[in-house]
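Presented sequentially are two complexes of subunit A, the first with subunit B as partner and the second with subunit C.
Moving on, here comes the complex of A and B:
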């Protein structure tokens, strides 16, 4: 039974990789045939070669490490601050009325563009990147936490009331577990925002990490290298998603 | 045992209105009846007559009504500890396995894990779900989920058992067999039981008395005594006496049900009437 589960888990990944490979082959053929422009899209085979080169020459692992560190730090800060804020928003109607629209605006605003201000405030370093990323990633967790709690089924709350549960029990044993999948949706959204922000700011201010590398390679007109570096960003984001998925299914199996 | 703890349920002149002014609906209109210690009473009535409203009032989940509900001599204001409720809607917790769903009320009371799982297993077996303890609700059928919520309520061994159409999602065979189980448990624990239903067979099979409700506003139409011998099993369904009771209550219920249907039809007709 365990083996069957493994196979079932692996099937989507296999199909995903196979279709990616198929797309790469098609792109390669179209580029070779001259249908697609090689100055805009490099040959996938060149990108593959560049992947190896980046590992050898550009110290990609420590760059990935730095980017991952910045994303994880801001990502966990977002959870730490966002979930309680979402709970407060759910609990106090006045607070919700006062803050909900602002948070929506915050989620939509292109805060990345305010990076010069943050640089002045917090200096040129990972700290600034983490803070910008935190601000940018906060809203989805807050809003989704609030939404998840609000969507708790009434009959579940009634079961709790009929058992005379205390408010604390009601929160930890009914509201929170009921909202958890929605909260995780918020976390996934937030972490995507965080990753994009970290890489974008690294790119814009030429500061450490993968974003910086993409910028450098692009300035050198090393297109295969730039695409290879972007591939590492994608790998990183896949890594985050797998970790989040694991945590969620550990917390709530078979949900 | 103190007088207030006596499992004696009294519904005294209960009236519940939804909304106010001319728009107000009277969902329950001056209902009065009682359920004596150890007695099994069913409330039957057509869909929309106010049964769930009454259920929520007795369970202490719905305030702001007139009249009173008493357990023994005590007027209830909020959920009473000796009342256990089974809800009409599917109410299992999807994030808990069957065993942890059923053990939930014991967990709240701080019963150690081994003991609460032991007791939960007993009730899981009783509702015929042995072998499904580690499953999650998403892996069960609708009827199985409903049996999980029944077991979750029974595990606290409440003195007063309150059920709102608990068998509605079950097929007839399972319904009859589970009815037997409920009766068995009810007799064993000498539980005072109030069952809300719209199923005639079920009501006659299980009850000592049946409270028939009218359709809109929900009033008490009649109380029928069911003098079938106890202990009773689902085999009683084949007897002549059973058939007489069903026919008798059906003739009462028919008027109400058809006025309910007519109501629905006029509403639909009004909605579909061409304009101009």
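Moving on, here comes the complex of A and C:
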């Protein structure tokens, strides 16, 4: 029975992957037949070969390291600043009433568009990218921390009270653990923002890691290389989101 | 009751566990004004302090006139027009494709399992990096920005439509069937009204994604649009106007987002 459900789940996934492969094969054939223009769409097989070249010649691993460093630094800064801010917002109801909407607007504002300003203010370097990504990623953690704390179940709070807990105990034993899954939802959103912002700014201003590499290869008109680098970054981002989601579902209590 | 109540209430109030009287409107407005004044004060202090190079943090006395001046210039309105046209075209293409794709995936369990994971995980990747490909395919004119913006708005719309399609209450569908509604009637009387909110949620998200992608693409390579204008002021080091333009852009994005949000809530 278990075997059969497994097979039933595997079939669509296989079809999904097979259709991607089929598209690549069809594109390859159409390109070889000259129906599609090779100058705008490189042969998929060339893209695969270019992927190996990127590792050997373009130093893609150390670029990946730089991008990862920028994402993680801004990501952890966001947690360090965002969670306490969320607690403060929860604690001071007046602040919450006054500023929650503003934070929501900040989260939706296209801050990344202000990258020229950040360049002027902080110079052209990884520091600037980290700052933009931090500003962009901050709001979700603050909002979700506050939301998680507010949503603590009354029953749990009452248990704490009946045990005569101090405010500190109340916070660490009841409120914080109960809010943790929601806080992580905020962290997941923020880290997604951080990754996207870092790669986008690297690409836009030609600086540093993976985003820069894509721009460079495209400007060199190395089409297989550019396609390979883009595919690589997309796969990497997808992997990053899948890992974050796994952690989140692991933190989520059984319902 | 009252005596023991106050002790617990005080303790609880420290963590705001109880519903302490909701803050008055006046207090909320007061805090907002204070925070806004605080930010402006810090800004002006930074501007006057000379910590940053000259003109990098211009005083509001320079930014506001520059912003108003910009609103009076043709260059702003023609570039706004270009960006608006690109965004609307991108959203239209993304919405039609997204809704069609969402309905297909929402209606068929097998297709959903086969393709939705790709959409779902691809959706948040940095789409601006596809810009070089779009330039190759559609040239350096507005077509490549429209294509990239359409790609950006497609994903949230498709995912939200698919989720909405699956979320339709079975009862509604059974009611339609028991009235022997025709396929057309089912679509127009049951499915479409029930899908309105999720589709509009997708459109709102897609609009946000499309707009910012279009603007970023304009900063990278273009000769019109507000993103192009941002880069112009940056290169001329006209900081006051650059700040003014960014403020206008943030307000525009916020207002259009709020308008679609209102339309979305009206459907509930």
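Keep this in mind: the second predicted complex is superposed on the first by the 180 of 255 C-alpha atoms of A that agree within 3 Å, B and C clash if a C-alpha of one lies under 4 Å from a C-alpha of the other, contacts with A are read in each partner's own complex, and residues count from 1 in each chain.
We take it that a contact is a pair of C-beta atoms (placed from the backbone, for glycine too) under 8 Å apart; a residue touches a chain by one contact, two chains touch by 3 or more.
Computed from a predicted structure; not experimentally measured.
Engineer: Quick check on the superposed pair: does A:36 touch subunit B, subunit C, both, or neither? Answer first, second, both or neither.
Structural biologist: neither
Engineer: Of the partners subunit B and subunit C, which touch A:156 in the superposed model: first, second, both, neither?
Structural biologist: After superposing on A, A:156 lies in contact with subunit B but is clear of subunit C.
Engineer: Give one of first, second, both or neither to describe whether A:93 is in contact with subunit B, with subunit C, with both, or with none.
Structural biologist: The answer is second: A:93 touches subunit C but not subunit B.
Engineer: Looking at the overlay, what does A:244 touch: subunit B (first), subunit C (second), both, or neither?
Structural biologist: So A:244 meets neither subunit B nor subunit C here.
Engineer: Output check: A:226 vs subunit B and subunit C. Expected answer is one of first, second, both, neither. What do you get?
Structural biologist: So A:226 only meets subunit C here.
Engineer: Would you sort A:16 into first (subunit B), second (subunit C), both or neither based on which partner it touches?
Structural biologist: Second partner only.
Engineer: Classify the contacts of A:178 with the two partner chains as first (subunit B alone), second (subunit C alone), both, or neither.
Structural biologist: The answer is first: A:178 touches subunit B but not subunit C.
Engineer: Between subunit B and subunit C, which one contacts more residues of subunit A in the superposed model?
Structural biologist: Larger number of subunit A residues touched: C.
Engineer: So, A:77: does it touch subunit B (first), subunit C (second), both, or neither?
Structural biologist: It touches nothing on subunit B or subunit C.
Engineer: Name the residues of subunit A shared by its contacts with subunit B and its contacts with subunit C.
Structural biologist: 161
Engineer: Which residues, counting only subunit A, touch subunit B once they are in their complex?
Structural biologist: Contact set of subunit A toward subunit B: 153, 155-156, 158-159, 161-165, 169, 173-174, 177-178, 180, 252-255.
Engineer: Which bits of subunit C are touching subunit A when the two form their complex?
Structural biologist: Residue list for subunit C touching subunit A: 8, 11-12, 14-17, 20, 22-23, 27-29, 31-32, 35, 52, 56-57, 110-115, 117-118, 121-122, 124-126, 128-133, 135-137, 208, 211-212, 215-216, 219-220, 227, 230-231, 233-234, 237, 239, 242-243, 246, 249-250, 253-254, 257.
Engineer: Give every residue of subunit B touching subunit A within the complex, in rising order.
Structural biologist: 56, 59-61, 79, 81, 83-85, 87, 89-91, 93-97, 104-105, 108, 136, 138-139, 156
Engineer: Would you tell me which residues of subunit A are touching subunit C in their complex?
Structural biologist: Touching subunit C: residues 9, 11-13, 15-16, 19-20, 39-41, 90-95, 97-99, 102, 105, 108-110, 112-117, 119-121, 157, 161, 167, 170-171, 175, 192, 195-197, 199-200, 203-204, 211, 214-215, 218, 223, 226-227, 230, 233-234, 237-238, 241-242 of subunit A.
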